[in-house]
Structure formats: C-alpha cells, structure tokens
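Several structures are given next for inspection.
Below are two complexes that have chain A in common, paired first with chain B and then with chain C.
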Partner chain A sequence: MKNIRTICTFLFGVMVLLFFGLVYPHHLHYQEQYQLFLFDSTYVWEIIKQPGGIADLLGRFSTQFFLFAWVGALIIAILLSTVQILTLQLDSSWTSQAAKSSEGWLYGLSFVPSCLLWLYLLDENALLSGVWAVLITLFAAWGIAKLVRGRTRYILLIIAIPILYWIVGPVCIPFPIDSLWTGIHYYRYPTVFPVLLWAASLSVFILTLTIHICHRRINTSSSDIVTFCSFALAATCMGYLVWRCSNFKAEKVMQYDFMACHQQWNRIIETINKEKPNNQIGVTVQNLALAMHGMLLDHMFEYNQNGIAGLLPDVKTDATSPLSTAEAFYQLGMINVAQRTVFEAQEAILDFQKSGRCYKRLAQTNLINGSYEVARKYLMALQKTLFYRKWANETLVLLGNEKAIANHPEYGRLRQMAYKEDFYFSDHVTPEMLESLYFSNTDNGMAYQYLIAYYLLTGDREGLNHFNSKK
Partner chain B sequence: MRKIIYILLSLLIFSACTIETVSDARQETIQPQIYPDYLGVTIPANIAPLCFNMANEDVLCIDAVITDSHGNNLHSQGEESVNFDLDDWHTLLGQNLGDSICVTVSAKYADGWHTYRPFSIYISPDSIDYGLCYRLIAPGYEVWSKMGIYERDLSSFDEHALIENTQFEGCVNCHSFNRGNPTDMSLHIRGPHGATLLRKGDGSFTAYNTKTNQTLGFCVYPYWHPSGRYVAYSTNATNQLFHSTDHNRIEVFDTASDLQVYDVDKNELLLSPLLKQDTVYETFPVFSADGRSLYFCAARALPEGSHQLDSIRYNLYRIDFDPETGNFGDHIETIINAEAHHQSVSFPRPSYDGRFLCYTLSDYGQFSIWHHEADLYLLNLSTGESYPMTGANSEDTESFHNWSTNSRWLVFSSRRDDGLYTRPYFCHVDDNGGISKAFMLPQRNPHRFYYERLLSFNVPDFIIGPTHFDGRKACQIINDEYRKDFGVRKKSTSN
Partner chain C sequence: MKRYNHYFFQLIAVATLLLSSCASHPDVPSSSKNTKSLPAIFPDYCNVTVPYNIAPLNFMLPADKYEACVARISTPDGQQQTYGNGVKVQIPEAEWHSMLNASKGKSLKVEVWGLKKGEWFSFIPFEIRVAKEPIDEYLSYRLIEPSYVAWTFMEIAQRNLTSFEETQIFNNEITMNDREKGQCINCHSYQNYKTNNMLFHVRLSNAGTVIVNDGKISKVNMKRNYTISSGVYPSWHPTAKLIAFSTNLTRQAFHTENANKIEVYDLASDLILYDVETDSVSVVSNDSTLLEVYPTWSPDGKHLYYCKSVPLPEEMRDKDIRTTYPKIQYNLYRRSFDVTTHNFGDEELVYDAASQDKSATLPRISPDGRYLLFAQGQYGCFHIRHNDGDIVCIQLGQENPSPLNLTNLNSEGRPDSYPSWSSNGHWVMCASRREDGNFCRVYFSYFNNGKVEKAFMLPQEDPEHNTFLLKSYNRPEFMVEPVRISVNEFSKVFDK
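And now, the complex of A and B:
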C-alpha cells in the first residue's frame, strides 16, 4: 500500500480535528477572545519588528478564525499534520539516503513533535505562534536540505539561523536559556518558559540525530503493516497523553462563558439541566440565563448556588472571571458597572493584547451612555477586523442617532433600564444598587429577580421585608 | 513580458507620486473643518509640522498651500492628510517669526474640489522646549496593561520609550524634572518592585523607599525646588469609587494626605505640623519660582466613613520655605478660596518667571482629569487676579499642565477630543497673560494616530533636552532588592 503514510497523517489530522472540534472547542473560543487581529499596517509592523514576529503574526492571524471552533480545529489539524510531514521529510533529507526512517518501526517517531505541540496547545495560555514557529523552522531546514548538499548545506544553515531567529524566535535554536525564551510571544505569560514548545523544537533535532544513528544499527522493516502499527502505537500514546493532560474542567467553564457571551440562554438552560454547574462562572451564567427567562426566583434553588459569589461576584483583577459577571451587569442595565468590569478585564490580559469581545462591549456601553466619540474609536478598530467588521459598520450608523438607539431592541431597552440617579459603587455589588436599579424602572424584571435572589441567598429577611414595604 | 511588468510598475509608482492639480474648485465662503483644529492657533517656530486631516471622512484628497508675506510657499497633498516636509516647514516658520502664515485648504469630494477660505497660523517669537515627556496608559480604573514613560521631540515626530512595564513587573508614574532639566529627575515605580528613582545632577539613579514611620505612606506628586536640592512630595491615602450613571466615570479621592519636602543632599524629609494636619487633606505641593514659598492645595477632611465626595473642595495655599535651612514658615496663607465659590483647585503650577500660577478648577475633589467640567485658570501673582484661560479651555476636561522653561508655553491635558482619551495641547501665554488658542500635539497623520492610539497622554512635562534615560540600567535597579530609605529630619527647628 503506497499511501500508508498519507493515510496515517490524514488519520492523525482527523484525530486533532475531532479533538479540538468536539472536545476542546471552547478553548479555541477562549483564545480568540483575548486578541484582536487588525488588518492594519501599524498593527502588523508592531508585531513583525519583534523577534519571532512573523510566527507571532501568523499565529494571531490564524487565531482570529477560532471564533468558529471547527475552522480553528481544522487550522490546528493542518498545522500539526504539516509539522509531522516536515519532520518525516527532514529526517530523510538530513540523514543518509539509505535511512528508511519514513517507514517501519521508526515511523511513529515522526509524530513526536506534533504530539508535543498538541500537548502544548492544551494549555489555554499557549499561543499558536509557537506552532507556526516550529513549522517555519522545519520548513526552512527542509528547504535547505532540498536546495543544497554537502558543506554548503551547513554554511547555509548557519546563515539561516539568525534570520530564522528574527522570523520565528528561539524555537530555531532550542537551547533552554531562559532569557532567550521569555518575552517571546509564545505564551500568554511573558515570563513563563514554554517547556512543551521547547521540547517540541528540541525533539526535531533529537529525532533527526536518533534516526541517523538508529538506521545503521536497527534493521528496520519497511512493511506497511509495521509502519501502520508504528503509527497506531504512536496514536495510542498520543491519545492517552492528550486525554490525561486535557483540562476538561476549564473547558466546561469556558463553555459557560462562551454561551453567556453569545447570549445563548436556551442552550445554557439545556446545559445546566444536563449537568448542574459547580464553578463560579458556571453558576453566574446559570443564574443569568434563568433570569433572562424570568425563571430565577422559581428555579434557582433547583441548581447549585454559591451565595452572592454565584449571582454577582466581586470583580477580580483578571481577564477571565469578570467577563461573565460583566454580561450580567450589562443585561441588568448596570451599564457603567459593566463598562468598568469589561475595561478592567481587557487591561488584565496578560500579554497586553486587546480583545474583540471587550471592544465590542465597550463600544456598546459607550453607545448606550451617549459617549459616541469613544464608541466610534472602538468601532473603527473593529472595522479593521475580519469578523467584527460587519457588526461595527452596522453599529457606527447608530452613533448619535437617538431615535434609532431608542428603537433598538437591545440598546433601547438597556437605556430604559439604566440607573436614573447617580451613586458611587466599588468592587462589591450591594442590594441597594439593585434596589436603586429596580426603582429606576420597575419594569426591569431582571433587577427585581436579582434583588430578591440576593436577599434569598444571603438570608436577609429584614432587607427583603423592607424592600417589600417600599414597593 | 518583463518589459510589460516594468512599465506597469513604473506607472504604478508614477501614479502614486502624482500630485493632483486643484482645478475647477468650488470656492467655499467658510473656513475648512480640519482635524486637529489648527485654525488661528499660535505656534512656536520650532514645533513639528502641523499636519492635518479634513474632519469630514468623505474626503478623497486633501491639499494645502501655505504662503507667507515674503512670497514663500509650502505645498502638501495627500489622500488622508497633508504632511509638510520637516525642513521646509522649519525654514518657513523661521522666516516668519512674529508674523503669520496663511493656509489655503482644498478638499476633493465625490463632486470635485472645494477650496475653503484661508486661515492663519501665528508664529510666536517665543520658542518651545526641546521635547515633551509623558506617560502612555489606557484611561482605566485599577488595572493596567502595557504602559510606560515616553519622550517626544517637539520639533519632529520622533518618540521613544524611556521605560515600559514590559521590562519589569509593575507600573511607572509621576515622572518629574527640575524645570524641564532631565538631569534632575524623579520617577515612581509601583507594584512588587516599588521604589522612587531619583537622580540629581546627571548622576546615576538611586532607588529609594520613600515610606517612613513618620509619614502616611509612599511619596507622590513630586516637584523640584529650583536649586535642585529639594523635592516637595505629598503622601496620599488614595481611593477610587465609580459613578453609577454620572457623566464622570470615576472619583479618585484621598482619605488622608500630608506634605513634606525631601532634602536630596542630606537624605532627610522635612516635616511641618502645619502641613500634616489630621483634619486637612494637603496635596500637590509646588515651589514658587524663587524657591522661597511652597504652594499647595488643601481641603477640610471628611468625617470618617463619609462618602460626601462632592463636598471635598480644595483651596490654594502658600507657606514660606527657607531653602538655606529647610525650615517652613509659621503660618499658612490662603491664595485662592475656591471653596467659597463651590469649586476646587488642583495642580497649581507657578510659571518659572514668577509671573503667573496656572491651576485647574473643578466642581469638587482633586483628581480633575475625571471631571468633565474641569478648566484651566491663570492667577496673576503680581495682581492676585485670577481668570479662566478661555483660549485653552474647551467644553470637556482640561487638567494637568506644565510650563515651558521660558514660561511662555503651557502644555496641558485635555479630553476634548472624545471625552475619554487625554491628549496634550499647547497654548501661548503672552506678557500680559493673554492666552492663545490651544493646538494639539502634531502628528504625521493626526486622525489615524489619535484614533488608533487608545492610550492617554498622562502628566505631560517639558524637557529641555533628551533625557538620556538608560531603561535597561533603570530596570536593573528596579529589579534589584536594594532600596535606600528616606530619612526624616529629627526635629523641625522653626515649627
């Protein structure tokens, strides 16, 4: 069977595709929401002028497609499969022609770099730029091997390394020197050394060397069955490792956050009916969805609760946890609170990137508040994106158009629901804030539900009676 | 085939370089609406070219011709903005000191060219300092993303970072120079590596721990004494609250604050009981031009637990200061009683020639950048007359400001652009305290620049030359654990 290797690569690609598409889709959404890829020369220049900039740019460019999980999964599948193919080609090109590394028992080893990259991508803070960096390095090494032979090949390789360093960063010279690796945009924490990425890049070198040594000593069989068995063994190991290292708990949390972001209230109800959430974000989203359906007071105790921390938790200074709370603030009509929460969340993004989700929400809150020039700035940035452009164009025409905003199903409603009287707030939501919101517009059923829920969750009977007497 | 490609490429390059002739233009009777608004502004001869865009985004092409009374002219045309040649611009301005230049703007729309009524730009004989130093940060609440301190050459568009928080964990603020001279410099670092970096007389930086057991906390709001020997600081217990629906988003306020002066030579803080009263919030200390007075803002403290923030109103005060001994006077003089008018003073800044004192006036509080009603006022120190700086003020926030070393130019923060992002503006102050119309910090393509840079320019201050700030070395000092403790003078002799 001539195409055994193609089939194996294809099967590997399908494994990756199915994993990220079915098992890990919200990790991809998570990645997308913490960057804002702009089709803008200044933005591009700011990225590519840094070491590893080209890989970073390609990583960011690809990540924007993660808005659609299956497209993201396909991109990762193609990238990882290409890495495997190039590893295989490289092993053949840089070792003796007699080497049969592309077949037989050693064949499975060609999946090692891809497998390590897969494991690397299980971490929500690992960025796709790392995968692109390995891919470009492999491609360059393969190209050099194909182009020239003998001593010239090594001279060319030495010349290529500094250029490659600028394009992809330290992946091309996999020495574990901390100062080389930190600060490169492979990982969301700039000071963290990405061990798995380093291992993936190192594995290519080790594999080439290993195969070079082993093919002389081991009489490898080149039969298709052996090759396939080698792949099957590698795939089994990969499957086991990936499953063991996957963070399904985080995936669940990200799923709730995604559903809240996209206002999928029915889907949230369906999800919580299948499995009751037991994490803070899940419970916050669950209560929001129940309130959006007007079911919070009647059904909240059928699900897990976490006191006030599951209703409107205190805003923390990280990029993740405040966003679903901000969604609740926004839907309640607490526009300034939502605005502050989203702004802070965006500022807390560890690699200093901006967020499409946050820009969109900041444009909305400024629009509702009548700060049209500020909203225009966010919208103009979103106009330079691939997937937020249409929404930005539609929203730009609303700026300053009071009648259109008043008639808008979302912005018109939220303007009516918003506070009428000013007061100060800080990190902690109080029943007085909800009460004031309710009395600003007694049609605000969300505020009513949240206020009563607040009293019920805190057991504040006195507060509840006091509120009822004022109604 | 190759020939065809060459011809096509040449045509492409040629078409890109072609300047369109303004023909059959419709003559408009109005002056153009340009961004930034440079109509009728007064500028120094050594400022970077005032490139501009049309405020109307439907413009296909913009053309500007600048002429002077000597028959010289300067022409620029562009799809987005006009961008004058740097050398030609400076030559033209140099030939017109004390005079004006005339700008004729034409804009091409879908229906053809429109030529607007010309406007003038006045060239002041007073030059402006070499550059500007500012912090760039998103106008947020408590969390910060990428930020840093930057230096901009005012005669060109060159900007570079002194230090960014990508180099260490934390944030930087309150950069301060002695009358624009960067050899005397103070800079605060906040976060796990918190310190105050100080250098005097072009020496190297020393990292200080400014917190002592006799003061409220870390020193903030530095202001150099003209001799370079002292730095006035306040210590502030600062809090933030947020508005639920008000036009102003944030309220930054102190729950306690005191003043002190640091003697750089002796490494000791000079304290006075008059400047650290429990019932008074004292803040924003600044030395007078002769260094013999300390101006500051102060307000009656709120009762504990009270959140009546709109009742905190700061007046402007003065106390004598003896630079020889470091002693303070024995009484405090009220300079501006803003509280009586239900207003509040912040950021007093005396001009270096001793003529004026510029300050910000808002309805209440001291963090006026978050107050849309905040405006700049000028106090004539000879007459005691105080008046709004109408030419500089707008309907939105005007707040922090600093004088150029010749005391003829003022740089100030304004949020007039969009109500949120702070931009630096400049205005000229003449002999009689007359204020010119303010102009925005020039950029090559201002619309693109200010729309894309979603960061505020904080604490703009003039510098008389490049700071020669070694960011790498500064980071080593910051990341090092060593901090020199501020000492405190054992006994204040006069108080």
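And now, the complex of A and C:
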C-alpha cells in the first residue's frame, strides 16, 4: 500500500483522540481551569521573555481550548502525530539511509517520542508546553537538515541551539542537568524534573543514532506488511503502557469536580447511582447534588458518607479540593465563604497561574455582594479571553443594575439566601454558621438540609434537638 | 515605477508624522458643549498639589462613556501643549518635567474635552498646583493579591517616583524551595529612608529576616526561647544599628456578611529590640495580658512609640477573641530610649484613642518631630481591612491634641491605612482601598504646617494600569535612594 505510513500516523492520531476524548476528558478540563490565557500584550511578554517562553505560550494558548474536551483531544492528537511524523522525517534526514529508516521493522520506533509524550500528558501536572517544546525542536532540526547539508548543517545546528533554548527551553539539550530543567514551565511544580519529557526529547536523539547504526547492520524489509506490523506492535505496547499508567481514579474525581462546576446536578445523580463515590470530592459533590434536588436528608445514607469532611470539608491549601466545597458554599448562599474558598484555591495554583473558573466565581460573588467595582476588575480580565469573553460581557451589564440582579435566577436567589447578620468564622464550618444562615431566610432549603445533615453525620442529637426547639 | 515608489514612501512618511503628531499633540476641538462640571478623569487629579519632581500625571476619561479625550495644559509663563490619545492623556516625561519646573510654587492649568457620540464636551478647567518641595525619589511596596490566608507569587518592588521605572527588590519565586509550603515575603524597612541598612522578612520555607547591614546581606532568625515569635513589624533606629520589632501570634478569621470580610488579630504580641551588630535580642515590653505592637522611633531616636491594647472589661477577659475582637482597642504610647545604654524609660500615654471608642495603630512621627500620623478605626490593629479605617494626624507636645483636618487625605467608607512621611515631611503617603474596597493603591498628599491638600494616586504610565491590576500595593515605604542589591544577590543568602 502506498500510504501505509500515513494510515499508521492517522490510526495513532485516532487512538490519541479517542483516549483523551473518551477516557481522559476531565484531565483536559482540569488543565484548562488552572490557567487563564489572556489576549494581552503584557501577559504575552511576561511569558515569552522567559527561557522556553514560546513553547510555554503555545502550550497555554492550546490549553484554553481544553474547555471543550474533544477539541483538546484533537489538539493533542495532532501534536503527537506531528511529533511522530517529524521524528520519522528527522531519522531519514539525519541518517544516510534516507528511505530505509522510515519503513520496515524499525518504523515502529518513530512512535517512541510520541508515546513518551502521551505518557507524560497522563500526569495532570504535566503541561502542554513540553509537547510544543519537543515539536518545535524536531521541526527546527528537520528544517536544518532540509536546508543544508554537510558540515554547514552541524554548524547551523550549533548556532540554533542557544536560540532554540530560548524558544523551547532545555528540551533541545537533553542532558539531565537538574538546574537546567527545573524552573522551566513544563510542569506545574517548577522544581520537579519532568523525567518523561526529558526521555521523550532524548529518545529522538537516540533513535536517530540507533537507526543510523542499525541500518548498517540489519537488512530491513521495506514491505508494507512489515511496516504495518511494526506499527501494530508499537501501538499495542503504547496502549498497554498508557492504560497501565493512566490515573482513572483522578479522572473520576475530576469528573465530579467538572460536573459540580457546570452544575450538572442530574448527571451527578445518574453517576452516583451507577457507582457510589468514595473520595472526598466525589462525596462532597454527591451531597451537593442531592441537596440541590432536595433529596439530601432522605437519601444521603444510601451513599457513602465521610462525616462532615464529605459535607463541607475544611478548606485545604491546594488548588483542587476547595473548588467543589466552594461550589457548595456558593449554592448554600454563603457568599463570603465561597469567595474566600475560591480565592484560596486560586492562590494555591502552584505555577502562579490564574484560573478562568476562579475569576468567574470571584466576579459572581462580588456581584452578589454588591462589590461591583471589584467584580468589574475580574470581568475586564475575562474580557481578554477567548471563551469567557461572552459571559463577561453579559455579566458586566448586570453590574449596578439591582433590578436585573434581583430577577436573575441565580444571583437573585443567592442574594435572598445570603446571611442577614454577620457571623465570624474561621477555618471550620460549624452548625452555628448553618443555623445562622437558615434563620436569615427560612426558605433556604439548602441550609436546612445541610444543617440537619451536619447533625446526623456528627451524631449531635443534642444540637439537633436544640435546633428543633428553636424552629 | 521607481518614481511612484518614491512618492508612495514620501506619502507614508508624511502620514506617519501627521498621525504621530495627532496622537501626542492633538488639536483642541473648534466647538464644544460646556458641561459646567469637572471632568470625571481617572485617576482624579483635579486640583491636586504635586511635587515638582513627580512622574507625569497621566489620566483618562471613562472608556465606556467617551470616545476621545483632549487635554490642554498651560504653564504660568503662558506656554501650552495639548495631549490625547483615544480617551487617554499620556504626557511625555521630558515635556512634563519641563512644565513642572516652569511652575514651581505655581499652578498648571488643565482644560479637558471629551468626545461623546460624535460631539465634543468641555469641562471646567482644573489646576495642578506644583509645590516647591520635592518628594523622595523612590518608593517601595509589596505587590500582592488581596489575599486571605494563601498567597501565590509576590514581590517587593521599587518605583522611581520621578519616572515610571519599576524594578524588583525581591520575589518569592527563586528562593522557595518548598513550593507546597510556600514562601511569604513582607515587612520591608529602611534606616532613615536609605537602603544601605534595610530588611525584609521571609516566612515559611527558607524563613528568616534578611538584613542588609552597611550593604552586607545576612539572614537571621530572631526567635529566642523567651520571645513569642521572631521579629514581625520592624522599625530601624535612625542612628544606631538597632531595630525595634513587635513579636506577634497573628491569626485571621472571616466575616460571613460584614463588608470588612477579614479580621486580622493578635493572640499575643510583645516588643523586642534587636542589635544588628551583636545579633542579640532584648525584650522591651512583654505584658502577657496586653498586646503591644507597631513600634516606631522618633526621628531623633530618643523615643520609641508603639501601640498597646487597653484591658478588656472584666466580663470579657476569658472569652474567645473571636467574640471579643470588636472590643480590642489600642492606644499610642512612647518610652524614652538611651542609645548608649539601650535602656528604656517609663511608658507615657501619647494618644488615648480608646476613650473615644477608637483604636489607634501604625504611628509615624514627622521628620521634624512635630506631628504624629497614625491609622485609626473603631477596633483592632489591622485597619487596612476596616472600612472605617482612616489616617489621623495630631500635633505632638500638646496636652490634649485635637486631630488635624485630614478630609483631603482620607476616603469615605473605605479603608485608609499605613501612613508615612516623606523625608522632608511635606508629603504624606497612605495605602487605601478607596477605588473599589478591595485593591490597595498608594496616595500622596501635600502637607504644610498642619494643612493637608487633596490626595492623588501614584501615577502610572498607562492610566488604565490601576484598573486592570489585580494586586494590592502593600506597605508602601519612601526611600531617598534605590535598593542597589539585585534579586539574585538577595537570593544567594538563602543558599547558605
């Protein structure tokens, strides 16, 4: 078959697409919510002035599309397929065995860098900038090989390395020197050495060398069947490795968080009925969805519970777990508490980025509180984004418009449910806080459910009786 | 063809020149409708008094109401210049400084026109009075999100007040070896407005106080087994290598409904004196029943001023501070100090805020020793989070001093705090959340013989900068010279 290599690349791309689209979509949502790409010259300059800045910028730009998991999956599929194609081209261009290296049994090896990058992306803290860095390096190496030959090629390569270093970071110099790799924005923890990314960049060099050596010793068959078998073998190995290394538990947690973020209460109920969540975020979201349907008190013990930590857990200093708790605070009408929780979550993003989700919620809580000028600041930032702009424009119109806010199905309701009397709180939610909220507006069924659930989960009969006597 | 090319490029050059001249020096509208009001410019620089060395007071009309803005600035000697680029008025530094120099002790007249729906409107002209006294050339502040407990990237930056140059003194990115633990940098302080002797704190990962002593950097830990914490709020002695600190057990709690949102309070706080030369710590005051905080030296170094809480009513003493916090009020005290023996005299009450149901914090004495500035709210020690927080100034040496009129400096219903004096005593600075109640900005007021002029916001090259900046200016401090030690040099002290 003439286009066997195109078919193999296409099949690989489809594998990646289906994996991220069907199996790992919430990892993509997770990535998106911990960054905020701004169409703003200062923001862009701040990124590109750092080593690896161009790769970082491209990574951040692409990640904003992860809001839509299938688009994100497509982007990753295209990137990884391109890496494979460029690896193949590079092997051909930089070895004297031009035609031979791209087919036969060795063909499957061209998928190794892409496979390593795929494994790298399974980690929710691995950033897409790493993939862009490898791709740009490959593209540069391929371009040099195409442009010039002989000794000039090597001279040009040496000249290109410092420039490439500035564009993509240390991916272009795959030496495992810790100080070189840490601090580059390939990974959410800048102090972590991204082993898989390093291995991916190193594999390109090793492969080129291997093919160069092997072709002199092995008489490789160029038949399509052998090429395809080589791909099939590589694909099987990749599939096995990816499946083994995937974090399905994290994916499930991210799914609950995603559903809570998008207020998909029915979908949450369907999901918990299929499989009862047994992690803190899952249980928090499960209880929130039950309460939103007014089912919490009747059905909470049909599902796993985790005491008060599954209802309104203490706010921890990480970027993930507080967000679903903040959603519960928000829906309860504890607007200041929700605001604080979201703010803390955003501050805990380890690579100092901002979050579209958090900015949105900060704008909403300030709007509900009547702090319109603060809300405006967050909305103006969101106006500089691709996917939050429309929402920001629609919300900006509401600022200061008391009548429109009162009639708004969400903000109007939450204003009515909010505290009427101040209550001083610390890090723990107490029944007094919920009681105060309930007595601020006895129509607040959420507060009622959460308060009774609190007493039931903590076994505080005395508190429950005391509350019933006050009712 | 070549000839046409030549004309084409000439045309482009002329058009570019015309465009650029239009952008920086536009024509005044030939006709306009008079609004009979002052222009609603941001920042509000109408009728302010500024130092003759301040950076250009760039401003803008609201972009959602106007399409363009033109301003004509006239100097007392009759020279005029127009500015306007869209709704923004951005004045080149050289032109601005030459206008200010020509106006020392006099006023600049500013006329503003705004284009709205194709029609030009004119406003009542305003003045910018130019004081003869300069402002200190540098200002440093911590740039931080208006956070609760957690924080992210933060920096201590320095700004040249005569231009728009801003550079980093230090940031928490490069020295944070434990990112999960985090690293907080705060409370920078200088001896006598100079930077050769200075300090700032680092908390959590790589914790310590970074002290620059005659240009030499070291990191010290001031915690001793007889102190409740390491040094927190500092004040350099003006002449000796001594630093007074408060030691604090600080906590935060949050309001569910109150617009103040956050309450910062101390469970305990004392005062210590740190000797930089000998690395020794001595206790100044450690009354376990009361809270002492915010030490500050008089300019001659002969007195240490500080805040101390008044005892709570008997019935409240054993209760949780989260219920008693609205009753915790601080008065201002001072103790004499002998720089040779390091001995302190008896405590004297300087200002009794509690008797007026108020709480006074953050005292600062004017360089001539005549005036005392402080922040005052109804309760507590952290007025930058209190909407009733205002700056108060009293004349020292009077038996019952009455506060000066600072309505030109304070905002209404928004926190104003962290007051300080310029080294010549003619400029008062404060941090204020007056724009939106959340993000702190820096304001300056001209001070002369107890009179304070209208405050103006720290000017920025792009007047919209303060609209988009989602950070607060925290703890602004005047300096007469820049910090010359680089971020990398500071970071080396963390390797040791």
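The rule is short, and it goes like this: the second predicted complex is superposed on the first by the 468 of 471 C-alpha atoms of A that agree within 3 Å, B and C clash if a C-alpha of one lies under 4 Å from a C-alpha of the other, contacts with A are read in each partner's own complex, and residues count from 1 in each chain.
Going forward, contacts are C-beta pairs under 8 Å (C-beta built on N, C-alpha and C of every residue); 3 or more make two chains touch, one makes a residue touch a chain.
Since the structure is predicted, the reported quantities are computational estimates derived from the model, not experimental observations.
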Both complexes share chain A, so when I overlay them there, do chain B and chain C fit or clash? clash
Tell me the contact category for A:166 with respect to chain B and chain C: first, second, both or neither. neither
First (chain B), second (chain C), both or neither: which does A:422 touch? both
Once the structures are superposed on A, label A:190 by its partner contacts, choosing first (chain B), second (chain C), both or neither. both
First (chain B), second (chain C), both or neither: which does A:317 touch? both
Looking at A:348, would you say it contacts chain B, chain C, both, or neither? Reply first, second, both or neither. both
Tell me the contact category for A:373 with respect to chain B and chain C: first, second, both or neither. both
Kindly classify A:336 by the partners it touches after superposition: chain B alone (first), chain C alone (second), both, or neither? both
Hey, what residues of chain A end up touching chain B and chain C alike? 190, 317, 334, 336-337, 340, 343-344, 346-349, 352, 371, 373-374, 376-378, 380-381, 418-426, 433, 436
Going by the contact rule at the top, pick out the chain A residues touching chain C in the complex. 189-191, 317, 334, 336-337, 340, 343-344, 346-350, 352, 366, 369, 371, 373-374, 376-378, 380-381, 418-426, 433, 436-437
Touching chain B in the complex: which residues of chain A? 40, 42, 183, 190, 317, 334-337, 339-340, 343-344, 346-349, 352, 354, 371, 373-374, 376-378, 380-381, 418-426, 433, 436
Which positions of chain B touch chain A when the two form their complex? 138, 140-146, 166, 240-246, 249, 251, 307, 309, 417-421, 451-452, 454
Which residues of chain C touch chain A once you look at their complex with the stated criterion? 145, 147-153, 173, 177, 179-180, 182, 253-259, 261, 263, 322-323, 325, 435-439, 467-468, 470
